[in-house]
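Both complexes below contain chain A, partnered by chain B and then by chain C.
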Partner chain A sequence: MFPIIHWNLISLELLITVTLVGLIVLDILLPPETGKDWTGLISFTALLIMIGFWSTQRNLSGETMGGMFIMDSLAWFFKGFFLLAMVFVFPMTRQFLKSLPKWRNEFYFLLWLALLGMCLVASSGDFLMLFISIEILTISLYVMTAYLKSDHHSLEAGMKYLILGALASGFLLYGISFLYGVTHSTGFAVIQGYAATHAMNPTILFGLVLIFAAIGFKIASVPFHLWVPDVYQGAPTPVTALLSVGSKAAGFVILIRLFFGVFASWHPQWSSVFAPLAALTMCYGNLGALFQTNIKRLFGYSSIGHAGYLLMGAAAGSILGASAINFYLLGYLFTNLAAFLVIVLFFVTNKSDEINDYAGLATRSPLLAGVLLLALVSLAGVPPLVGFFGKFTLLMATVQSGLLWLALIAAVNVIISLYYYLIVVKRLYVDPPRVNSPIPISSSMRFILWMAVAGIVGIGIIQGPFLEAAMTAAKGMCFLP
Partner chain B sequence: MTVPHILSWILLSPLAALSIIFWMPSNNVPLIRRIANIGVGLPFLLSLWVFFNYDYTSGGFQFEEQIPWVVPLGISYHLGIDGINGVMILLLGFGSFAGVLVSQNIQERVKRYYILLLLIVIGTYGAFLSVDIFFFYFFHEVAAIPTFLLIALWGSDRREYAAMKLTLYLTAGATLALVGLLSLYHAVGLESFDLIQIQKYLVGHPLPVEVQHWIFPLIVVGFGVTLTLWPFYTWAPVGYACAPTAVSMLHAGVLKKLGAYAILRFAVQLMPDAAETWMPIVATLAVFNILYCGLIALIQRDLKYILGYSSCSHMGYILLGLACLNVIGLNGVVFLMFAHGIMACLGFALTGFLAEQTQTRHLDELGGLLKRLPFIGTCFAMMALASAGVPGFGNFVAEIMVLLGAWDHYRWQTVAAVLGIVFTAVYMLKAIRLGFQGPIQPRWTQLTDVQTFSEKLPYIVLLTALIAAGCFPSLILKRIESGTKPNFKNTLNEVSFAKQEPNKADRPMSMASIR
Partner chain C sequence: MIGLGHYLLLSGFLFSVGVIGITINRNVLKILLSLELLLAASNLSFVAFSRFNGDYAGQLIVFFVILVAAAEVAIGLAIVVLMYRHFSTLQADQLKDLKW
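Up next, the complex of A and B:
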């Protein structure tokens, strides 16, 4: 018997799929040289429509396809998150593709595919579904990472990401098989029932460690972080942006669902693992970033550092911790994507990602320098910007759970990160420019930049509604004990 | 007469000025300056009004405004004035007003300069006005990055080094304090950052002593960095020396006092048991502050470094006063924060003027300047005398109160602190002798003194405040006491020191009534 499918639950994913197929058909039908980036324009319009559609799904919840696909407040929050990330990634891609001779439209297809994968990850209710959606996301990222076929950095990055990513997928499958062996199911609901009634045993532990390895790869946590700096540096910048925000958030939505929900009854065990991992991850990332000369590589290490801060919320293991992760990611989205927008716009005119070439950006383009300044300072966690309140809530959750030592390590890391962010700020504002030519920015890009600034400053000052949204997402999650 | 939301107006008027300047073309310099002056002058007048209209007979927080901000965490936008921060915003009013006035000589990137300076002013007003602990911290940290940019862009000699060092030190201290404040929040368990609520709650449910014991040092050391607690003071002299004049004034005069204010509000008032255990250590560190930094100041030849180390040395008196844990000592602390703040603003303003005119701050290259600069020289001499604790200036009143408060519990520390006053007299008089007296060097014969009233205004304003505080201390003391005294009854339950010698607790009243 075929299970009943609740189409309204999966309508967003269907819409994405239809758009993707439609774009491919359109690409075949349209003449190759139209002179206008139709795919990009249609993509962006479709995205805005989808955001409107998404906002109507607020109270949607339930499961379908025999529990394979679930829709709850957490999934809703993160789907909105991924759509919002795309609002920044698409314009970034448009800028970036200008330097590409051909194969432009295919890049958009891959972005849509990645979006589909991320949305499915947020809605997975079964380990097999989870595996498939992660693969949809990761495979499109492999291709995009190696997209610049003439650039050996990009190829190296793609190769590195592919090999380590494949390894992580293997770990995930292997881990799932252990869980299946013990619980005789891949469904989250059944496994949660098992976890609630049984103590942790070595077989389960082994499976969980392997599953965490796959998640750790996605969120760039130590010791699964080795790919990050090279891939961030080599990949096309929009892909780096997507990796740092979308892919990381996809990792965290699984982490929240599994470790705050499904495995919540084993909280003491995994909390004692997450706390040292968080400390190691933030120390590694922030110390590694100290002496970088390439801005994308710097952001690679800083991204590891932020994964460490976020893991503090996981170590706290409370609802406040999960809400803090959600809020922090939301702030991180605006902040990091603002920075990558600047990096793309700078690259288009200067063909360089070296931090030294950013010298005197404040005189060449006050807007770009200002946005990058806000982004860096927000990442460092300085009020009134959103990064501050994110760190504040994470620290609050950590202290609440009695992990004072972890909070103190985080405090030290904030200072280390402030140092290397301020070094870049110094380049932007204090050092004299090497060339004096201004950097042209189109008015549409100005609008996107201002939108990012509005997010960084606005959420930083009016935190209440956004924190409440993050809390609602965490509290209304399926499988919450 | 009541003005609705007067505290919000204090906070919003510099913000309004900032937003106007932000959207203005950067070449309209005179208008930018005028708007910045208004944006800082208006809150100055408002804070004067608030200061004089504060009803010190009834005490407590007045002019309160409250808007719930982040409900799930118990954060609210809550402003209020009591006897302590009423004096502090007055200090900030004086300091920021004078600071913006002496910024007239900034010629490059004027728009950016005023935006950053206004950000510092907003942050500091916000921190002093906030009754909510979250917003105190929030506003306190707003000043960090503008300070970095102001020093790195408009500073002098080792400006990049100084900017980085200052920002990192201050943020490190603040983050440490944040961990302490969050621990306090969870330890209280009220799910609220509202200081008034926490205070009321703690009266009936004091924190367990062992919890107080480890939260207290986090807060004191964390905010102690801001207050240049020995040995975390090294950022200050170099930071002040390399910063542009207005930033040195604001930091040495006002922002530093935020540290003392936070220790007083969050550590001493909320955790009285831990205070009794830890404060003797703080008193000893205070002596290191006074003597160690005083000795370094003795051998400096650079005017700004003398003032910088002198400022670190004088923070020792504030720490010593905090350590007394009695009303007279705390009154002295708040008074000293005011008097020293005004004095430091004046000192850095004068030094900034000199450095601008002569392109040097080195005492060996100056000399005989009083002949060419009678106004500046006179102001400098008065500042130096105030710093050395000569009666007639606010510092004398404050320091004598601190010393009186400290004598009962910290004998040898008090003796050492008195020695520090001698050091101050020595290096300040040396600065006057080498810089302003003696034969004038030929290359300084072309110097011109401040001419117009508007140029003299910042110095006049600050000197007036300093002398008024010295001659009519009760004006300020009555208000301070209305802020410090009730807290002793509520949260400190009469402090053990006061308990042993109950007659001592009455002394501050008499101090205030004598004057």
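Up next, the complex of A and C:
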């Protein structure tokens, strides 16, 4: 007997797949010298239509394909998150690809594939589904990282990412096999039933540690962070942006679903692991960032630091902690992508990612300098921007769970991070420019930049509805105990 | 009598060989081979659990894993070819530009 498939639940993923296949066909049919970036334009339009479609799915919930695919408020929230991230990544890609002589369109296919993988991760209800969707996401990211075939940094980053990424997926699979061996199933529902009635045993613990290693690789947590600085520096900038926001959020959606839902009955055991990991991760990231000279590498270390802050929410282990993670990620999306938009636009005209070359950007392009300033200050957590309120909710959740020492370490880390963010700000505003030529920005990019600014300032001032959405996402999750 | 333990021991051995191979090998092709060993070890333990638990889901998973492993190694080899063209070497420790 075959299970019934509820097509309406998987309609967004189907739509993404159809778009992807349609674009590939279109690419074959269109003559190569049409001269216009059709794939980019159609991709962006399709993305906006999909966001409209996504907003109609708000109250959709249920499971299909025998529990492999689940749709709930958490999946809905994160699918919107990934679509929103793509709204920034697509224009970034368009700017970036201008410097490539050919092979432009294939990049969009890979971006769509990564989007499909991320949406499936958010909806997976079975470890097999989880493994396959993570692989869809990661394999397309390997290709995108090594995309600049003639650039040795890109190749080196791709090779390193591939080796460590494949190692992480080997860990994930080996861990799943032990969970399967003990519980006789890979479905989250069955495993949750097992976890609720049994105590943790060494075999399960071994499997869980391996699975956490794979998640830790995705979210860039110590000790699985080794790839981050190298890959962030070497990858094409839009890919770095996607890695820092999309891939990290995909890791956190699994983390929330597994450790706040499926394995919630073992909360005391894993909470005591997350707290020291969070402390180590944020210290490593923020100390490593102190003396960086390449802005993408700086953001790599800063992204490790932010993974540490986010893990605080996981260590808190309460619904408030999960909501704080969701809200912080939303703020992090606008802030980080705003910064990467500036990095891309700067790279297109100056062909450099060195922080020293950013000297005097304020006189060359007040808009770019202003947006970067806002993003850096928000990442550091200065009120009234969104980064401040995100950190505030995370700290509140941590203190409520009685982890006062962790909150104190986070506070110290915020101060450390201010130092290296403000060093960049000093370059932008105090140092004299090396060249005086202004940086041209097209009006469409201006619009995208202002959208990011609206997110950073808007969510910081009017937090209510967004915090509520983050809360709803965490409270309506499947497998909640 | 060969039992579940023996199979798990073998798969654990394969997995360790894979992990050690990745850490000590300097040749990227050997590293890719070791990565394949990791997935093979997982496959073995899936099949062993499936056989001794008496349900077939585990064997089904193996088919999917073989597919994913093929995709992964295809991308891996493509990057290795590019790397050889660019650096004229297969030694992983030649990849050291990205450091401070």
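Keep this in mind: the second predicted complex is superposed on the first by the 481 of 481 C-alpha atoms of A that agree within 3 Å, B and C clash if a C-alpha of one lies under 4 Å from a C-alpha of the other, contacts with A are read in each partner's own complex, and residues count from 1 in each chain.
Basically, contacts are C-beta pairs under 8 Å (C-beta built on N, C-alpha and C of every residue); 3 or more make two chains touch, one makes a residue touch a chain.
Predicted, not measured: the structure shown is a model, and the values here were computed from it.
Counting the residues of chain A that each partner touches, chain B and chain C differ, and the larger count belongs to C. In the superposed pair of complexes, A:His6 makes contact with neither chain B nor chain C.
In the superposition on chain A, A:His267 makes contact with neither chain B nor chain C.
In the superposition on chain A, A:Leu404 contacts chain B only, with no contact to chain C. Using the contact criterion defined above for the overlaid structures, shared-chain residue A:Tyr142 touches chain C, although it does not reach chain B. By the touch criterion defined above, A:Arg104 reaches neither chain B nor chain C.
No residue of chain A lies at the contact with chain B in one complex and also at the contact with chain C in the other. By the touch rule above, chain A contacts chain B in their complex via residues 377, 382-384, 388, 392-393, 395-396, 399-400, 404, 407-408, 411-412, 414-415, 418-419, 422, 425-426, 429-430, 463-464, 467-468, 471. In the complex of the two chains, the chain B residues touching chain A come out as 68-73, 75, 134, 137-139, 141-142, 144-145, 148-149, 152-153, 160, 164, 167-168, 171-172, 175-176, 178-179, 182-183, 185-186.
Residue ranges on chain C touching chain A, taken from their complex, read 11, 15, 18-19, 22, 28, 31, 35, 38-39, 41-42, 45-46, 48-49, 53, 55, 57-58, 61, 64-65, 68, 71-72, 75-76, 79-80, 82-83, 86-87, 92, 95, 97-100.
Chain contact summary for the complex, chain A toward chain C: residues 128, 131-132, 135, 139, 142-143, 146, 149-150, 152-153, 155-160, 162-163, 166-167, 169-171, 173-174, 176-178, 180-181, 184-186, 229-230, 233-234, 291-293, 297.
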